[in-house]
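Okay, so subunit A shows up in both of these, paired with subunit B first and subunit C after.
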Partner chain A sequence: MLEVKELWKVYGPLTAVKGVSFSLKPGDIFGFIGSNGAGKTTTIRMISTLLEPTHGTATINGADIIRDPMGVRRQIGYMPDFFGLYDDVKVWEYLDFFATIYEVPPKQRNSVIDNVLELTDLTVKRDAFVQSLSRGMQQRLCLARCLVHDPALLLLDEPASGLDPRARAELKELIIELGRMGKIVIVSSHILPELADFCNCVGIIERGEMLAFGPVNQILRQIQPTRVLAITVLDGAGEVRTRLADMPHVLAAHLEDEHHLRVEFNGDHEQQSELLAALIQANVRVVQFHEEHANLEDVFMRLTTGAVQ
Partner chain B sequence: MTFRELVIDNPLQIEFKRAFRRFFGVSRNGTLNAAILVLCVMVYSILMLVVITYREFMSPIAILILQLIMLTFIVPANLHGAIAAEREKRTWDMLLVAPITNAQIVIGKMIGGVLLLLFVSALLIPATVLSFAGDNDATFGKVLAAEAVVLGFAFFLAALSVFISARTKRAFAAQLTIYAVLILGLIVWPIFTSVLVPYREQGYLLFMHPYYALVRIWDPGSFGSMVGGASDQGLFTGWLQLIVYLGAAAVLTQVTIQSLTNSDGDAGPRR
Partner chain C sequence: MTAWARRTVRTYFGNAAAVREYRAQLRGNRALYLWAAYLGLLILLGGLAYSQIMDNEYAQSIATLQSELNSFYSTIIGMIAAVVCLVAPALTASSITAERQRRSLDLVFSAPVPPRYLLVGKMIASMRYLMMLLVLALPVTAVCVVMGGATWSDVVGSYIVLLSSGIVFMAIGLAVSAQAPTLMSSIVNTYIGVGAYLWFTSIFGMVFLASRFGGGPLGMGSTNEAPWSVVLLPFTAAYTSPTFTIISGVEVPNWILGLVFALAFSRLLLSGAGSALSPFGSPETKSLRIHGIVFLALLGVLVAFPLSASTPFAMLGAPATGPSTQGYTFGVLVASVSMIAFWLIPALVCHAPDADRKFRYDGLFSLRQAIVGSPSGALPYLLFLWGTVVAVFVAVYAFSARAMLGVQFWQLSAWGLGFIVFWWGVARFFSSMGMNLKSARSSVIATGIVVLALPLPILSSLTFTSYGTSSPSQTSLWMLHMAYPLAPGETVYAPYYAAFLVVSGIALALAGEANMKRPRRQRRAGSAE
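Up next, the complex of A and B:
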């Protein structure tokens, strides 16, 4: 259980984070969205005990980031947005070093290292030197390092940057798997569509303020309370429009061009199917009939102004 | 914090392995480093040959000054990057979020430097012993007192290097700063004091100057005879210097431990 309470960070004249609060439970995958300079990295660094908050605090399973930073560190895995790896060590030695620091008992270290290498698909590179890995492999090694002590909370700051599409898809799978293992995962990213499919929870931050927080669907509904149906007909769209306007649950019908209509609709799925049946009974020649989903990108664009401070 | 946690079980011992590898050819700069190593072995062999051949004309003080000069360069060269290079390579934050104490980090970083300075000093013991043959005034007690100054200063320099490294974002900047401090302390300060106070009282202000202290220990009469007795007799025992150096090193290390900052130079909630 992660509880973030009113976190503030002030840098002189600039307030980077203004009272961010949220809480997450085991298994939650939280997508942290915001434009450049919105305050994502600052928030993540405060939770990871790297940066002292000006006000506010956060607790992870009862351990407070200010009063018990060691207790917090034992439970978190942090992957920075930019990071380097030590030269002149082999992959397994790198992991062994961190396993030692994270107090993994010596007898279990080898099996733990094998497990995390397996999980991140790096088994074949076990004895390679760290500096010989490609960027994507280094990214995965960094993630493997975060996992050696089986943390309850993972803080991944833009883990997908620099990865090719395949590696990105694999990373996504891995994050979903981590959520299934009961960890709390916080992922910050700019690539919104990517986050939407695997996060069960998103937060949108701008200029240090959390504008929206909650499950993706709930946020979408907040932004767009009525549903929009897109209808394409073979001919006579103008006539169809007048007919639609009188039908139940239709709030408004707009003519896009001679084939396309957009309907604001506040009924449920059953009423939606009745609407389609009514159109067909009236001999309207329907080519397409579907609901237009708002996506995260729309929500993001609508909520934020793109202003930076 | 026990000795065991700080030294014997300190995970940062991986640094030795890295330093060793850097010199024995597995990394990119392997060849260059191996060449430097060969050069060092050659210089050392020549030094030993010279000392053996001309031991009748040698004095332990010459070897002790050589040791001091070497350590003045080797210690900062080895330790300037201890923390600054981690910041520069962006590995530092990942160490700070781990459940390892500041003391473990700082002491772990210093162990390697201390071992190296002890190793270099040990290499020079045979030459020091051999050169007794050429100096009738050399006594075992004087050599020990001088060695106390040299090692004490080297420990202090190790602590100073890590202290400066902890306050810098780039290894190169740390190295420049350390050498700038050394130039100020070892060259500018003596010039300044020679203008400021009478020659016979300079010893008070140069108490911590290792080169000055070495000469005074080796030849207590030298300064006094010139100006009719320096007023600071008894200050340059060597052991007094050692105690002050070690005390200063301990204070610097403690300050470093308590003021560690993250990669941006901001303090986190560390105790």
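Up next, the complex of A and C:
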């Protein structure tokens, strides 16, 4: 269980994070969304004990980031937005180094290294030098490093940046798998459609303030409380609009052009199908009838102003 | 206690950072080629030295020949010392800076290890490498033993002296690289630090050599009794390693005392590096502050014992029995300490609104912050340091049957207190002007250099008080100078100077405090919190 309580970070006249609070439970995959400089990395670094908060705190399974930073570090795997790899070191040596500093017992180290290499699909590169790996592989190696001590919380700061589509897809699968394993995963990213695919919870931050937090569907509903139906007719869209205005559960109908209409509708799926049936019964020649879903990008654009600190 | 033991064992045995560093150092054939070149060079230079020294061996007596062989041995040790001076700092000079630039430091510190773990790991790896270099030089030094230029015990003693110096140099490298922003500044500053260390220690080593070979007024002659500090200079290790210090009637080999000093000093430097890598109020900073006091006490004991119990300490003057010699020797000590304090004060005292929490304004004076480490705790901490040195000297001399503390000790101690308070006040005043941390520190140091160093000869001549004369004047700025304790005859005025410096320092600090209370400063300080 991760609980972030009123985290603040102040640098002289600049307030980088303003009272960010949220809580996550095992298995949650949390998408942390914000523009560059919004405060995502600062928040993640405070949770990972690398930055001391000016005010507030966070606890991970009872361990406090201020009072018990070592206890917190034992439970987290932090993957920054850079690799930080050593030169002249082989893949297994790199993982062995981190397994040792994470106090993995010497007898278990080899099997742990094999397991994380298998999980990240790097087994064949066990004896390769880290600098010889491709960017995607280096990213996976960083993730493997985060996993050597089986952490309860993974903090992944822009894990998909610079990866090709295949590597991104693989990373997505890996994160979903980690969520299934009961880990709390915090992922900060700019690639919003991907986040929506695998995050069950998102938070939007701007200028250090958390503007929205919660399950993806709930947030989408917050910005779009009613359904929006897009209807395309063959002809007579104006007449259809008049007809729609009198129908049950229709809040408003907007004419887009002579074929397209957008309808704000507060009924459920059954009432939605009744609406379609009523239109057809009224001899309206319907070409398309579908519900428009808001996505994270819409939410992000609607909530944020693009201002930076 | 168990947790502490576990942490210590984990840090010193099987340290992952040491293993990784060592793997990288020995990877491929690079290390092999380097060692082969090093050994080849050593043999070549040794051969040249041998041929030069033994050029006329058939024309010489046995005694002269023995002396020539001793010279050959000291040349070899001198060459190895040069290698230690060059290689040891290089092993650590860029290590932390490189990690910071590679951004791997965050990865290590997001794991449950304190900075000490990483620093000790790097020290262990570097020390192994250095020991390998010393071991590789054994065949060359063995030649000296075989030919009769030295004994194996001489070689062991010299090697320990060299290793002690190497430990200090590596610790200097780590301490500098923990703070330096770039590789270049890290390397340059490390070698400047090593140079300063050699400069300080060369005073002891060279005086010893002058005493040994010049037979001057140093009271040592051919005896091996000498102040322990002579072993701090690596270049003279062949001559200084057989020396000893008499402590409570026991002859303690100086290489042991030198090793104790090196370990304590490097521990202090590592604590400094650890503190630099840690946030405000970290255990590393507290450890550094406590180690600073302990180290100073230890150094005080190491200095005070030979001063109080042995004659050869009076290496810069007449035998150490009279109070005037004592005063002069204390003068050297106080001047050296004040030079170090002058550089330390801005680092501890200065504060700025945009700095880390460690260096942000938090009041004028707080005893509690003395160990935690913030600007308000700077003066109490500096006073602790000053008090520790005074207390150690008083305690050691109280137990000594051969010497008593003279009045000049108290005069110079009072001046030392005034010096600290005055420069504390200057640093507080500059910090209150709203500049950034680097500028505040630079201003203090620039003031020290410009106001004191440059006009000093002019002002001194105007006030008819000049360096090195016994014509004192209370109006002279000479009292602000770090080398004031060396001015013969002026220590009489030290208490008056001390009072003036204390009052001026407090006035400057209060002026700074008033400056901080102005609305703009208050707002800036407030927003920083």
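Rule of thumb we're sticking to: the second predicted complex is superposed on the first by the 309 of 309 C-alpha atoms of A that agree within 3 Å, B and C clash if a C-alpha of one lies under 4 Å from a C-alpha of the other, contacts with A are read in each partner's own complex, and residues count from 1 in each chain.
Everything below uses one rule, namely that a residue touches a chain if its C-beta (ideal position, glycine included) is under 8 Å from a C-beta of that chain, and two chains touch if they have at least 3 such contacts.
Just so it is clear, the model here is predicted, and its values are computed rather than measured.
With subunit A as the common reference for superposition, the partners subunit B and subunit C occupy clashing space. In the superposed pair of complexes, A:1 makes contact with neither subunit B nor subunit C.
Contacts of A:70 after superposition: both subunit B and subunit C are touched.
In the superposition on chain A, A:211 makes contact with neither subunit B nor subunit C.
Looking at the shared chain after the overlay, A:247 reaches neither subunit B nor subunit C. When the two structures are aligned on the shared chain, A:131 is found in touch with subunit B, with no touch to subunit C.
Legend: residue contacts after superposition of the two complexes on their common chain; A:54 is shown touching subunit C, with no touch to subunit B. With both structures placed on the common chain, the touch criterion links A:163 to neither subunit B nor subunit C.
According to the touch criterion, the shared surface of subunit A, contacted by subunit B in one complex and subunit C in the other, consists of residues 45, 48-52, 70, 73-74, 76, 78, 80, 82-89, 93, 97-98, 100-103, 145.
Taken together, the subunit B residues at the contact with subunit A in this complex read 11, 14, 17-18, 21-22, 26-28, 89-91, 93-100, 262, 264, 266-271.
Contacts from subunit C toward subunit A in the complex involve residues 10, 14, 16-17, 19-20, 23-24, 27, 102-113, 117, 279-280, 353-354, 357, 524, 527-529.
Against subunit C, the residues of subunit A that register as touching in their complex are 10-13, 45, 48-52, 54, 70-71, 73-74, 76, 78, 80, 82-89, 93, 96-98, 100-103, 106, 145. If you check the complex, the residues on subunit A that touch subunit B are 45, 48-52, 65-66, 69-70, 73-74, 76, 78, 80, 82-89, 93, 97-98, 100-103, 129, 131, 142, 145.
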